[in-house]
Structure formats: structure tokens, C-alpha cells
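Note that chain A is present in both complexes that follow, paired respectively with chain B and with chain C.
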Partner chain A sequence: MNAVKAALRNPPLLTFVLVALVWLVAGLTLRGFGAYGHLRYLLELSAVIGIVAAGQTLVILMGGIDLSVGAVITVTAILLPLISPDFDPTGGIGIVLTLAIASGIGFINGAGAAYLKVPPIIMTLAMATFLQGMLVIVAGGSAVSVTNATVIWLGQARPFGIPAGVLLWIAVSIVMLLIIHRMPAGARFLALGANPLAARLSGVSVTRNTLLLFTLSGFFAGLAGILILGMNRQGYVGIGDPYLLTSIAAVVLGGTSILGGRGTYAGTIPGAILLVTTTALITVVNASPGWRSIMFGALILGLLLISGREARR
Partner chain B sequence: MTNSMPLLEARRVFKGFFGNPVLKGVDIALEPGRVHALLGENGAGKSTLINLLSGALQPDEGDVVVDGHPVSRFSPAAAREAGIAVVQQELSLAAELSIAENIGLGASPRRFGLIDYGKLATSVAEVCERVGLTEPLDMPVGDLPLGRRQMVEIAKALYRKPRVLILDEPTSSLSAHEAGILADLIRKLRDEGIALLYISHRLNEVQALCSHVTILKDGVVTADQPLAGVDNEGLVRLMVGRDAGDLFPPRLEGATGAELINLKKFSAGLARDIDFHASAGEIVGIGGLVGQGQEDFLLGLYGAIPASAETSEISGDRGPFKSVETANAAGLAYIPADRKHEGLVLPHSIASNLLLPSLGRLTKHGLRDRAAERDLVADLARRLTIRGDVDRAVQALSGGNQQKVALAKWLPLEPSVLLLNDPTRGVDIETKREIYLMLQSFAREGKLVILLSSDTPELVHLCDRVAVFREGRVVATLAQSEISEEAIVGAAMGVSTKGAAA
Partner chain C sequence: MSVPANLYLAVQRRRNRGLTGLYLVVAAFLIVYAFLFPGLLSVNGFSKFTQNWFPLALVTMAQALMLLNGGISLAIGPMVSLGAVIAAVTMGGPFGVVGGLLAVAAVGLFIGALTGGIVAYLRLPAIIVTLAGSFIITGVALILLPRPGGFIPDWFSDLLAGHTPVAFGLLVLLLIGWKLYIATPLGLGIYAAGDNPVGAFRSGIPVERVKVVAFAISGLLAALAGLFVAAQTGSGDPVIGTPFTLNSIAGTVLGGVAFLGGKGTMRGAICGSLLLSVMINVMFFLGFPPVAQYVAQGLIIVGAVAIPQLTSQWRAKP
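And now, the complex of A and B:
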């Protein structure tokens, strides 16, 4: 009984349990769901959301939100093939450049929030709109194909049978958990999220940490964009759009407070898997796209009521 | 008058939270035309008793009795109906609404279902005059300083024409002048036959206003008697259950060291053209009515709000600090008055709050050194006698212990200048003494302590020098031999010319 109560108070654990239950039930009832190939595919999709949601988790922990992650993904997916130089067979230069641009976009978001005091929700929404306009001008309506070797490897290779994207996600998860739980910066983010004034008067720099957070969010969105490009082999306008809401939903499903100050990436990880699994289950149901969207929205609400709801304050 | 039937009583009430008994069979009777004092240390059960008397909580056992009739299910609505009004210690005003709207909230006169603003204004103006609120009634409450908001809160209670008025620490944020108005008002209400319950940590006020006292200690009544013939020491003894000795420790005579602060024409926020200097080993007091620029002066020194100065030297650094981090690096630390909103991250643990300023110092290869952090937290908790599990949320602590956490978190940085903003507000006597002793030991170790306080006796008994603020300027700097309550209050109110600005 006590163990159950403890689990109910521990959102990351609760979300993990929920994922396990859903997989178990679906695996026993739906043919093909429990196949290794199918589960691996679900994890591959989760990896993308998990990596976008990494930056989102940090920003939300500090009480902000980043509405530009979808646009940043699209920017990286379209820009990378265009700026990868031909003389570099590995494609490393293109990746570094693209990640620098994605981080730069995040930095500008942070600068707007920190110096101009624009609320993050407005700043990042404006940034997303701005980027979408730029993309239409740069890329037009056409899709660009990727030839960058490293990107293709990342999207397609399976060392030891594990997709490279999942390996990348594991690496990102380790880094994220270290930042939040083992580095001074993580404790500062949480303090700023829970009480910015008290944190500032305790010598925590609001400016520096805001810049850092949004830069990280841009970086992780860029990383996810590269992975999506590798999996898709093509970049086009709108490729990143589905990841904005899913990244926020994964964070909240994992029990992180949307108001900031409380939460962990350990919850976002099962949050992302749960989200992808739910989508897959809905796809199995034979329904029109409209109904699928409605079911998806209703299911997210239902899941939030079970796991990710705000704890009583 | 005093032998009439009580308007409101609690009879043998018990109340516990999560298995912890807070009130263990408490009796109290509020009679018309009497100012009744309720005393007790923080955590003694005063707030719980008030909540029972005002219907916010239900007793586990025992009765709340109105006009001699036990009430079975007492609710806030029933309490209002019975004419019971409470002025809470924590303000319950809506910052965006005007003074008039706040006072009338929930009890506004209606016409055709809409608020009758004309009628509201006249009836509110009447109450405001009684409490000495002269601000325009359409002014948003958020624009008022803390002390004036407290007066609005009192006006709000009076607007409902109560028969029983409960005042929970009404003067903790009031200036001496406002406290005086309130005292006159309380006497007037008493003479009108209202039953008053007065809760305060300031014993001189209690002595001046009240005629009967109930003292709570750990949920039990230790005294229920007329106040006449009991002196302050006697009251303190009843509260702490032993001889507390003097509240203030004896003054220390120490040599002052090097000059740490020297300001010419320093301005920040409301504070204008301040000339100020202070040296290591001193305790310098900042006095004056509430909201005369004292807080902005400290925040400006601390780099938390923009400041300017003709010449300035703070801890060997030129020019006012541009950010809190540079001030911290130069050895300054600030303990805010509003510990719940400015001093502490309430939902986080005691340990994380204690570690926040020193996070960057306890690292190994860029990662937090858990062992070193644990040692530091244990050491701080021991030095400040913060008992219990340090992983509890800091909001679970009593006010006094919260203040200790807000102070203790700076110790690892070994600051050379401590800026304190009303550190003993709403703190029990035992913790007050601990804080006073701590401030003295800081000064003895050669640190500079700047103590802003709204509690004048504190300034008198602890400080080597007191700068008195009025309308943003230092109007008097009193040397130790000149410090007295009269001199400070006089300068603050502009009635004395003694001790010209130095």
C-alpha cells in the first residue's frame, strides 16, 4: 500500500508504470504490437520527441516555455543540406554549423526574454513566426534531400541492433540528468522557477541562466532536427510542426510542473514513450484522421489527469 | 462592563493536524468593551485558535460559543453573520482593486444588482477617516506601501461593523505614527462596547492597550488573568515557561575596524542623496517610519535595484554594484524582510535553500559534491539549531525557523557586510534572542552589520549608531549616546532637530 502511495507521489515512476501497463496490455491484445521491430520503432520515434523535450524540460523548469522548437527543427532540417560543404565527406562541418545556428536562435530567444523582458511565450512565438517566414523565402515550397553521411548514419544505422537515434537519446538523457541533478546550474534553474525574486536576491543571475536555458533549448531542438532529417532523408517546411505540442505534452506527462520549479527529465523520458505509444494505438484503430486527432487530444487530457497533473500546492 | 456575558468564547477546544495536537483544551472568552491580549511564541497555537474563533477551522473537540449558545457547525459565513471580523497577519487584499473596492469586497452596496459606487464611496470614506487613510479611495491597493495596506485591511474589517474584532499582529508592518492611530482607534472601539482580541509580539503595545491576557504555550493556556500588575518579564516568563532574562543581550564594547562603506550622495529608488559611512565591527541601525526609502537604500547597496552616487566605496569596490552577484562577490549579503516571497524558495527543501548561495563553491569536476553539501547543511543546521529533517520543504517550518534558514544560507560565504531588513518581524522571542546574539557575534568577528528595523527598541539596544530616514533622506544620525526611542521616533516624524545629518 505504501509502495503504491509512494509511486503516486512520484510522477516519473508513475509514468513509467503507465508505459509498462500500456505495453503489456497492447502486447497481449494487439497482434504485432509486442514484436521487437515494432517496439524498436516506437522507441525511435520517442527518441526524437525526447530530445526536443530535453530543452523544453529545462525551460519549463525555470517557469518559461519555448514555442519555437518546431520552427527550429524545420530550420535545421532544411538548412543542413544547404550548408553542408561538399569537400567534407563526413558531414561533420555541416552538423556543427547547423547546431551553432540552432543554438544561436535559442540564444536570441533568451536575450529577448532576459534583456528586453519579453515574456518567453511571446518571444518564442514571435521567433517561430519569423523563422517560418524566412524558410518560405529561402527554401520555397520544395523539399531538400540530405546527402550528409553522418546525418544519414544517425537516422538509419543500427549498431548492435539499436537505432543510432536511440543511442543519441540515451546520451542526451545522461547529460540532462547530470545537468538537473548533479550540476549547480540545475539547482539554480529550479530555484529560479519556484521563486525568481528569492533566487535573484540569493545571487542567482536571472540573465545568465535565461540565456543558457534558451540556448540549450535551441541546441536540443537542432539536434532533434538533424535526427528527423536523417530518418526522413528529406527536409521540408512544416516538418518540425508536430513536435511543438508533443514536446510540451511529454514534459507535463512526466510530472514537471508547467509553472516551473518542480520536475525532472526522468519524467520526460517515459512521458515521450507514452505519447508515442498512444499515437501508435490510435493509428491501429480504423478511424478517419479527424477522429484520430480528437481521440489523441482526449487521451492526452486523460493521461494528464492520471499522471502529470499539478500536485496540490 | 467587564462582568457582562462574553460575545465569543471557545470552551475546551482541541485541534490537531495530521496527528499533531496543536490546541489541547483551550478556553478563551471575549467580553464586550475589553481589549483581550493573546500571547504566545510562534507555534504555540495562536493562529489555530483564531481560525477556530473565526470559523475557518472546526474544533476536533469542544465548542465555539456565540452569545452563550454553542454553535454546532461554525463557518466563516456564520462568523461574519455573528459580527466577527479578523484582521489577518498575512494581508488578504487584491492588489489590482482600489482601496474602496477592497474595503467593500463581498459587502458592497448594490443597486439593481450592480455595485452602487456612489454609496460605496461615502460609506468607505467614513471608515477610512476613522483609521486615518487619507489616500484617494480609487487608488489601487498595490500602489500603497505595506503599512498603509495594513490600514486598509483594518478599515475593511471595520466596514463590516463587527461586534468582535480579532487583530493578528496588526502593527508588525505599521510605522510608529500609524500604530498610534490604531491604538487610539482600538480604545475608541473598546469604549463602543466591541470585544477585541489583540495578538502581538510587542509587549509594550500589549501593556498599553490591553486589560486582560491569555497566554498560550504549546497549545495549553498558561495564564488567563487581568494584565494589571504583570510586567513584561512576567509575561515572557509565562510564554517561555522560564525566566527569559532580558530580551536584549548586553551591549558589547568593541573597537571598530577599517571603513567598509563610504557613500556621498547615494541614490537608489526612494532613497535620495544619502551620505553614509560605516566600519567593520559596527552595528549600524536604519530607522524611520515604514517606507521612507530605507529598503531601497539596502537594495541599492546590494545591487538589486539601480543606484547612483557621487562617490562611493563599498567593501573596497568603487561605485554602486550593478548586480547581486558582484555584491555577493564583494562580501555583501542581504536578508529580506519578506522571507516568504524574497528570502526563501518555499516549496523547496531546507537543504536546497541553505545551499542556494554556495552552489558554485561545492563542486568537484563541475558536478555538485554531495558529501560536501551534506556536511555543510548539517553544520549550518547544528549552528542555528534548526531541528529535524533537512529534506522537508522550508514552508513547513515556523516563521522563526524560516528566518534562521534565510540567515544561515549566507554563512558559508563568510560575508563581511550583512544587510538585514527587519530580521525579527513575526519571529518568536526565543528566536529573536538568538538572532540578536548572532548579530553581535558577527560584529565582534569584525563584520559590518546594517540593521534596518521597524522595531525601535531593537535599534536602541543593539546599534552603535542609527541613521533615521524620512522621505528618502537621512534626517538624523544618532551616535550611541544619543540613541533613545524618543530621539529615533522624533527624528522619524520630523519633530526634532537634534543630531543633524552627518
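And now, the complex of A and C:
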């Protein structure tokens, strides 16, 4: 009984248990769900959401939110084929350039939040609107195909039978957990989220950390954009849109407080898997788009009731 | 008896002070627009212009209510769609236009109150609840009307979106209604509960009930915006409201309503929505491609929030 209580009080663990339960029940009842190929496919999709949600987790921990991740994904997926130089057969230069641009966009978000004091939600929303317009002007609205070798490898290769995207996600997860739980920077982020004033008075630089966090969020969104491009082989306007709300949902399902200061990436990982799994199950049920949308919304609400309640303030 | 009157004027002057810049910008844009499009000054031109502005003004009011209360709604757009769908589905039914109107209003109030109840009594963050709600509401709209269609009587479309400024008159009525509402304890509570929920609670304000009522009114306004959009287009469309979520936030923020609740005015929000509406019209007349509007909108939103911040900082320093 105590173990159950402990699990209920530990949102990341609770979400992990939920994922395990859903996989177990679905694997026993639905033919083909438990097949290795299908589970691997689910993890591949989760990897994309997990990587976007990495940046989102950091920003939300600090008490902000990044509404531009969808637009940044679209930007990277469209720009990368355009700016990858032909003389570079590996495609490394294109990737580095694109990641730099994505991080740059994040940096501008951070600068707006830190120096102009624009609330993050407005700054990133405005950035998303801005990028949406710029993209159509730059790319003309047509889809672009990718020829960059590294990107295609990232999206398609399976070293040791594990998709490269999942390996990338594992690497990102290790880095994220180390940053949040083992480095002074993580403690500063959490302090800022819990009480900005107290953190500032204790010598934590609000400006520097805000810049750093939004740059990281831009970077991770760019990384996810590259992964999506590799899996899709094509970039088009709107490719990143579905990832905005799912990244936020993954963070919240993982038990991270939307108000900041409390949470961990360890919860976001099962959060992303849970989202992808339930979306897949809803597709299996073969309902109309309307019912699918209702089920998805009700699910987020239901999971929120279990894991994401805010304490009375 | 002249003292309270003076006090009232003094308070109003204070509340207008922060908005002077906004008023000037809106006036400038209106003059440019009237210059580009002299038809604006005729009854017909004015009617058409206010009809384009009206739904945006409604959703901005709906969003401003949420922000004043310290929350935010990501379900405004889907609510507009649902309002349009319900209007288009019910107005051809046995109860006609009156039945349709009542159905839209009832659904708006009900969904708003339900969302508000979940946020207030279960203590879940508004942004996530309305995010989940946006999926559910979109789903309901898609089930009721899978593809654009339905029926709106011609005379009803003509009445609301014809050649007379009925929409503007309705907006004035709504503003009077808002004035009356914030004179009631529940209305005043919106500001108090948004600024400092604990303080408001200790002062005897029913914080939860204030929140539920604010959500309900917000849902009603968004659904009515949907009804108007349906009358404008003559049919219902399950995804027609999608852009309204962002635009409602943009209008509210342009109008100087603060994100942390309790600060800002409804007149500011209305002005913000007017600015957004005129801006889009002016850019259209100047021949900008539609996408350039997004670029400009992004820049203007940041500017609108950053400039007052920077000037107040700059003023505070010396």
C-alpha cells in the first residue's frame, strides 16, 4: 500500500507505470501492438516529441513556456535542404548551420524575455507568427526534399537494430538529466522557476539563465526538426505544428508544474511515450476525426487529474 | 455629491493614462485607412469595416476576461468554430433563429462554466485545461458538422452582416453590459481575484465563483463570435475559428492587459483588437502579401509589450 502511495506522489514514476500498463494491456488485447517492429516505431515517434519536449521542459521549469518550437521545427526542416552546401558530401555543415540558426532563434526569444521584459508566452508566440510569415516569403510555400546524407542516416538507420533517432533521444535524455540534477545550472533553473526574486537576490543571474534556456530550447527544437526531416525526407510549411501542443502536453503529463520550479525530465520521457501510445491506440479504434479529437482531449484532461494537480497557492 | 463624481473621473483618467499611446496609434492607423479607402466614411463602408472587426472584438473581450482573471484560454478559436457550427445546424431546425441563438448562448455558457469549474475547483492550470478543452471542442464541432455546410436564413445574415452598422451597435451594447457587470461584486472580483487570489479570498470575495462566471461569460462571447461569423459566411465551418485563438491573445496584449492578471482594461483590449483589425486592412490596401501580415504582426506584438516596459524602466532610473 505504501508503494502505491509513493508512486502516486511521484509523477514521473506514475507516468512510467501508466505507460507499462497501457503497453501490457494493449499488447495482450490488440494483435500486432506488442510486435517489436511496432513498439520500435512508437519509440521512434516518441523520440521526436521527447527531444522537442527537452527544451520545453527546461523553459517550463524556469516558469516560462516556448510556443515557438513548432515554428522552429518547420524552419529547420525547410532551411536545412536549402542551405546544405553541395561540396560537403557528409552534410555536417548544413546540420551545424541549421542548428546554429535554431539556437539563434531561441536566443532572440531569450533576449526578448530578458532584456525587453516581454512575457515568454507572448515573445515566443510573436516569434512563431513572425517565422510563419518569413518562411512563406523565403521558401515560397513548396515542399523541399532532403539529400543531406547525415540527416537521412539519422532518420532511417538502425545501428544494432535500434533506430538512430532513439539513440539520439537517449543521448539527449542523459544530457538533460545531468544538467537538471547534477549541475549547478539545473539548480539555478529550478530556483528561478520556484521564486525568481529569491533566486535573483541569491545571486542567480536572471538574464543569463533566461538567454541560456531559450537558446537550448531553440537548439533542441532544431534537433527534432532535423530528425523529423530525416524520417519524412521532405520539409514543408506546417510540418512542425503538431509538435507544439504535444511537447507541452508531454511535459505536463510528466508531472512538471506548468508554473515552474518543480519537475524533471525523467517525467517528460514517459510523458512523450504515453502521448504517442495513446494517439496510436486512438487511431486503432478507427473512430471519426471528431471522436479522435475528443478522446485525445479527454485523455490529457484525465491524465492531468491524476498527475498534474497544482497545490493550493 | 460632487466628490464621488470627481473621484470617478479621476479614476477614469488614471486608467486612460497608460493607454494614450495606444489611442494615438489607433487614431493614426484609422486616418491612414480612411485616406486609403475613403469609403470607410460612408454608412456602407463603416458597416463592412465594423463587421470585420466585430468577431475579433468579441474574442478579444473573451480573452481579456481570462487574462484579467490571471488565466489564459487556448480554446477561444475552437469555441468560435463550435458556435458557428451550432448556429448553422440549429437555425434550420424546428425552433428557427431564436432556437439557434439560445442554443449557441447556452452551449457557450455551459462549456465556459464547465472549464471554469475544472480550473477553479480542481485547481488545474487554465492553460492546460483549455488546451485539452480545445481538442474536445474541436471534436464536438467536427461530429456535429464534418464538413462546411448547414443553414443560416438570409434575412438573419442581412440583419447582422448587411449594409447597416448593426454589429457596431451590438458592440456598444456589450460594452455597456461590461460596465454594468464590473459594477457588481462578482465583476469587481475579477480584478481582485486576478491580482491577488489569496488577498481577495481573505476579503470575502468568492474567488472560485468569480472564476467560473468569468469563464462562462468568456465562453459565451466566443460562441457569439462564432454565431456572427456563421451569419457573415452564411454557413457553418468546423475549423473556421482556428486563427481566433492567436488573434485574441494578440489583441488583448496590444491592448495592454497584463499576463499575470488583475491589470488592464477592457477598453484597452477593445482598442487592441481595433488596432489589429485596422492594421490588417491597411496592409491589405497597401498591397502587402498576406504572409507579410504575419511578420508585421509578430513585430508589432513584441513592440507593443516591450515599449511600455522599456519606457517605464527608463523613467524609473533617473
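Basically, the second predicted complex is superposed on the first by the 310 of 313 C-alpha atoms of A that agree within 3 Å, B and C clash if a C-alpha of one lies under 4 Å from a C-alpha of the other, contacts with A are read in each partner's own complex, and residues count from 1 in each chain.
The definition used in the following text is that a residue touches a chain if its C-beta (ideal position, glycine included) is under 8 Å from a C-beta of that chain, and two chains touch if they have at least 3 such contacts.
If you're wondering where the values come from, they're calculated on a predicted model, not measured in any experiment.
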{"item": "Touched partner set for A:Ala187, first chain B, second chain C, both or neither", "value": "first"}
{"item": "First, second, both or neither for A:Asn195, with chain B first and chain C second", "value": "first"}
{"item": "Touching partner for A:Ser205 - first (chain B), second (chain C), both, neither", "value": "first"}
{"item": "Which superposed partner A:Arg262 touches (first chain B, second chain C, both, neither)", "value": "first"}
{"item": "Contacts of A:Leu178 with chain B and chain C, given as first, second, both or neither", "value": "first"}
{"item": "Touch count on chain A, higher of chain B and chain C", "value": "C"}
{"item": "Partner chain in contact with A:Gly290 - chain B first, chain C second, else both or neither", "value": "second"}
{"item": "Shared chain A surface residues [contacts with chain B and with chain C]", "value": "313"}
{"item": "Chain B residues touching chain A - in the complex, by the definition given at the top", "value": "302, 304, 323-325, 328, 334, 336, 341-348, 352, 355-357, 359-360, 363, 366-368, 409"}
{"item": "Chain A partner contacts - residues on chain C that touch it in the complex", "value": "72, 118, 122-125, 127-129, 131-143, 146, 197-198, 246, 249-250, 253, 259, 289, 291-299, 301-302, 305-306, 309-310, 313"}
{"item": "Residue numbers on chain A that touch chain B, as the complex places them", "value": "178, 182-184, 187-188, 190-191, 194-195, 197-205, 261-262, 313"}
{"item": "Partner chain C, residues of chain A touching it in the complex", "value": "65, 112, 116-119, 121-123, 125-134, 136-137, 245, 248-249, 252, 258-259, 288-298, 300-301, 304-305, 308-313"}
